[in-house]
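In structure tokens below, several structures.
Below, subunit A partners subunit B and then partners subunit C, in two separate complexes.
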Partner chain A sequence: MTAVIRAEKLSKWYGNVLGLSDVSLEIGPGITGLLGPNGAGKSTLMKLLTGQLKPSIGRVTIHGADVWNNMALFADIGFCPEQDAFYDELTGWEFVTRLLSLYGFSRADAASKAERALHFVELFKDKDRPLRGYSRGMRQRLKIAQTVAHEPGILILDEPLNGLDPLSKRKVIRLIKDFRDAGKTVLVSSHVLPEIEALTRSIVLLHQGKILAQGDIPYIRDLIDKHPHKISVKGSDPRALAASLVAQAAVQNIQFGPEPGTVVFETGDRDVLFGLLPRLIVERGIDIEEITSPDDNLQAVFDYLVGT
Partner chain B sequence: MKSFARSVRALASFFWFVGRKARRTKVFVLLGALPVLMSLVIQANRLFTPGTSVDGPAVFSNIVMTFNLQFLILVLALFYGTSVCAEELEGKTLTYLTTRPVPKPAIILGKYFAYAAFLILVVAAGVALSFVVLHIDRLGDAASWLVLLRSLGVLALGLLVYTAFFTLVGTVLKKSVLFGLMFSFGWENIVQYFPGATQKFTIMHYLKSLLPAVSTGGEGSFAFLLFKLEPSPPEAAVVTLAVLTAAFLGLACWIFSRKEYLFED
Partner chain C sequence: MPISEQGYSHWTGTFVERRLPWWPITRLGIRMAFKRKFFKFAFAISFLPAFIFAAGIYISERLEDFQFMLRGRRGSTSFLEVNPAYFKSYFGGDFLLFMMVMIMVLAGAGLIADDLKSNSLQLYFSRPIRKRDYILGKMSTLAFFLLLYTLVPGVLFILLKFLFAGSFKLVANYPWIPLAVLLDSLLLTLFFSFYTLLLSSLSRNRRYTAILLFLVYLFSDIFFGIFYGIFRKPGFCLLSIKANLQQVAAALFRVKPPFDVPWIYSLLILAAIGLACGAVLVRKTRGVEVIT
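And now, the complex of A and B:
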């Protein structure tokens, strides 16, 4: 991966309060999800990455250049802030075109870029309405319009799905995936696990200002050696299957349920168990409906990592 | 340098547009029109009350001195100057500016110039109209027009320097309006009457030094407000005001470029 954004040993204090501690990460093209509960340091990290805050310790670079007070970089960055804040006296059109004028675009260029961005977020027909009359979903999409209007290569989106209704959420998820398909580097934060799962498999887990893990979900899951992996098998004879595996060293625990016909194996070596299962199933003639890893999702990974 | 100037211009244009649409604009435009209303009332009283005479130039000087110089420009500069930084923080819109490819000092300067231009326009319109109303029977008098120009110049300088000062205050302090009120109606309105060199520590001293009646040593009907004024030479006053404006703005830009601003939830 070619790193577009790089943070090296990044720490940030607000007086005596630690906002971020010793964070190092590299982010390349595609969508990266920044996940963590409220107060984990997501917004602090994003503000450091967009040059709104200066690192107390460490370094943030984009394309190899330091970010703080480096305004030349900002032409290639689109930032969608978390807060629902606007110049409420303006219309949607005025908001986007006037912000575009700060990039030095001519009036005609600003108009054409604003038109494209507003079409993109499906707000063009509402462009002449005052912002104070916009719904929450419209305001969220307008923030995305101002983020992408100047066609940046890097998009940093702080909780872009926050407070949206399901329909608007789907629209915004589709928009973000469009950016990925266009080859852009996208960093999206959220404290809601399914939102990140819907967007990407590549995540950075933040908790109390520190990175707990980063990588794709199965990779992170593999890092958690002290927690056994769960493999759930649903089939015609779960007890026969359990009996055949109970002597295997790779199996640490066996539980039946919660659904009828389901047995859940806990293993310290998932690869060994996945190697054994097909052979035993064939030998015993057990009909199998499904084999799943119930803890191969963000919620489980997150719970393990924060020790809940 | 060219790109910096372009950024300042772009931001000034941005805030001229945003400021024009702001709700408070109407309130301050009305406030700026108060001298016109006062002048109209005075002239109407003269017309409808037989035997009443009005010394137009004297009333005009009083309005400029008591209302415009000692009250209006201070209030306007206070609310607009402190808001250069504070309203972006309170409205949480600062992010939209600091993540654009514009130098941080350009944000301060662009917004300052937009607001200062707007304030000068509001004050100048009110003063010019009130001048016309009060001088309606002597509009051909060239000397009166010179008084108007000089008064407008002093008020414009006052707005520039006070707005710069309050811009600086707004970049440094959270409770900038409270401080500004104490400065305007405490320090500025009291220390200017102190004898000797002390009065030179007020901005108002240099502004009053530029007013026609003061620099000519005359004793107009507003002489009570010039109590113990020991005017500085006009050239020195202009230079001092210009240097103060530049210093306040330079310091505001310097602080804004280095300070991290956090939004309060």
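And now, the complex of A and C:
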């Protein structure tokens, strides 16, 4: 992976409070999910990456150049803040064009870029409405419009799906995936795991200002092999299946339910168990409806890593 | 193909740092001011002293036509003499200073407070805008209005005097007037800009800022009045923003200051307030520091 954004030993203090501690990471093209609970340091990291904050220690580079105070680099970054950042008196059109003018675009250029961006987020027809009349979903899409209007190569999106209804969420997810398809580098933060899962397999887990893990979900799962892995089997006779596996050393725990006909095995070696299961099922003639691994979602990974 | 179906491509242009990066911020500030209730009215009313003084210049050159106005003043026309005192009366006038505060209340109170309230600072600072550009942009918004009430009328008065008198006698007799007009305009502009922006950066609520702007100005003068009334010492004029501005204006136009206190003290107090405001302002408009 060619790193577009590189953070080296990044730390940030707010007085005595440590916001971020010794964070090193590389982000390449495509979507990277920044995941962590509230207070994990996601927004701090994003503000450091966008050059809004100066690191207390360490450095952030984009395309090899230091980002702090680098005005030329700012033109290639699009930042979507978590909170609403609007003057309610402005219209959507004024909001986007005024922000574009800060990049030094001429009035005509700003207008054409604003038009393009508003079309992109499907808000062009509402462009002349004051922002106070925009719904939550429209405001979120407008924030995305101002993020992409100047056509940056790097997009930093802080909780872009926060508080959206499912329909708006789907729209925004599609937009973010469009950026990925266009070859952009996208960093998306969220504290909601399924949101990140819907966007990307490449994640950075942040907790209490530190990176807990970084990589794709299976890679992170491999990092935590010491934790039992759950395999859920649904079939006609879960107790027979449990009886045939109870003697296996690879099985650490067996639970029935919560769904009828379901048995959940906990194992320290999922490869061994995945090898055993098909053989036993065939040998004993047990009817199986499905085999799933509940741990293959981010919630499990996150819970394991933060020790909850 | 509709625009919405076109994909985005990476911008390959060269970024040219603009010469006046703060100008869009100024433009937005001016535009937003005119959207405020009562602002247009206050904006127009604030030109009243300028119109009256401009008319005074015209009358001073046509006294014979306006003799009827001087009845009861026993022919005294000294108040219509266009000299340094005339300019000082304009620049240190109570009404003008009051209207300037009102303009700051209406146009300036929300300049930073609104950005803090709407979290806009992060939008500014994630763009090619430095902190100094941001502050300069906000100050220029205020300077635009303040210079409209100070420097522009001041220069116009001189030009009108040239025009109506048909000579440059004003500048020949009082060569320091143009410089005094410039310096007093700059002093008023800088002081009120720092004062307004500081108070605007202290709160996320423009109403509190507006009240504070007004009350600090008003109460500084009330305190002066109270202390002066009790102790009869003109030194208490240093407590009043208005009195300090009038003292310095008098000194710049080389006329007798209204209070028997060295004008330099007033200048030092105004400079100290301005510097303190500037220092706090720079601290308050740092990049938003959020831990979430």
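Keep in mind that, in the parts below, the second predicted complex is superposed on the first by the 308 of 308 C-alpha atoms of A that agree within 3 Å, B and C clash if a C-alpha of one lies under 4 Å from a C-alpha of the other, contacts with A are read in each partner's own complex, and residues count from 1 in each chain.
The definition used in the following text is that contacts are C-beta pairs under 8 Å (C-beta built on N, C-alpha and C of every residue); 3 or more make two chains touch, one makes a residue touch a chain.
As the structure is a prediction and not an experimental result, all values here were calculated from the model.
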Fit or clash between subunit C and subunit B when superposed on subunit A:
clash
Touch check for A:Gln52: first (subunit B), second (subunit C), both, or neither?
both
After lining up the shared chain so the two structures overlap, which partner does A:Gly41 touch, if you call subunit B first and subunit C second: first, second, both or neither?
second
Taking the superposition as given, does A:Glu89 touch the first partner, subunit B, the second, subunit C, both, or neither?
both
Is the number of subunit A residues in contact higher for subunit B or for subunit C?
C
Have a look at where A:Leu99 lands relative to subunit B and subunit C in the superposition and call it first, second, both or neither.
both
I'd like to know which partner A:Thr2 touches here: subunit B for first, subunit C for second, both or neither.
neither
Quick check on the superposed pair: does A:Asp181 touch subunit B, subunit C, both, or neither? Answer first, second, both or neither.
second
Going by the clash criterion at the top, which of the stretches 7-15, 223-231 or 277-285 from subunit C hits subunit B after superposition?
277-285
So which bits of subunit A does subunit B touch that subunit C touches too?
14, 50-54, 69, 71-72, 74-75, 77, 79, 81, 83, 85-87, 89, 98-99, 101-104, 146
Of all residues in subunit C, those that touch subunit A in their complex:
2-4, 6-11, 15-18, 21, 24-25, 27-28, 32, 35, 114, 118-120, 122-130, 287-292
Report the residues of subunit A in contact with subunit B in the complex, numbered from low to high.
14, 50-54, 69, 71-75, 77, 79, 81, 83, 85-87, 89-90, 94, 98-99, 101-104, 146
What residues of subunit A sit close enough to touch subunit C in their complex?
14, 17, 19, 38-44, 47, 50-54, 69, 71-72, 74-77, 79, 81-89, 98-99, 101-104, 115-116, 119-120, 122, 124, 146, 148, 150-153, 178-179, 181-184
Residues of subunit B that touch subunit A when the two form their complex:
3, 6-7, 10-11, 13-14, 17-18, 21-23, 91-93, 95-104, 257, 260, 262-263
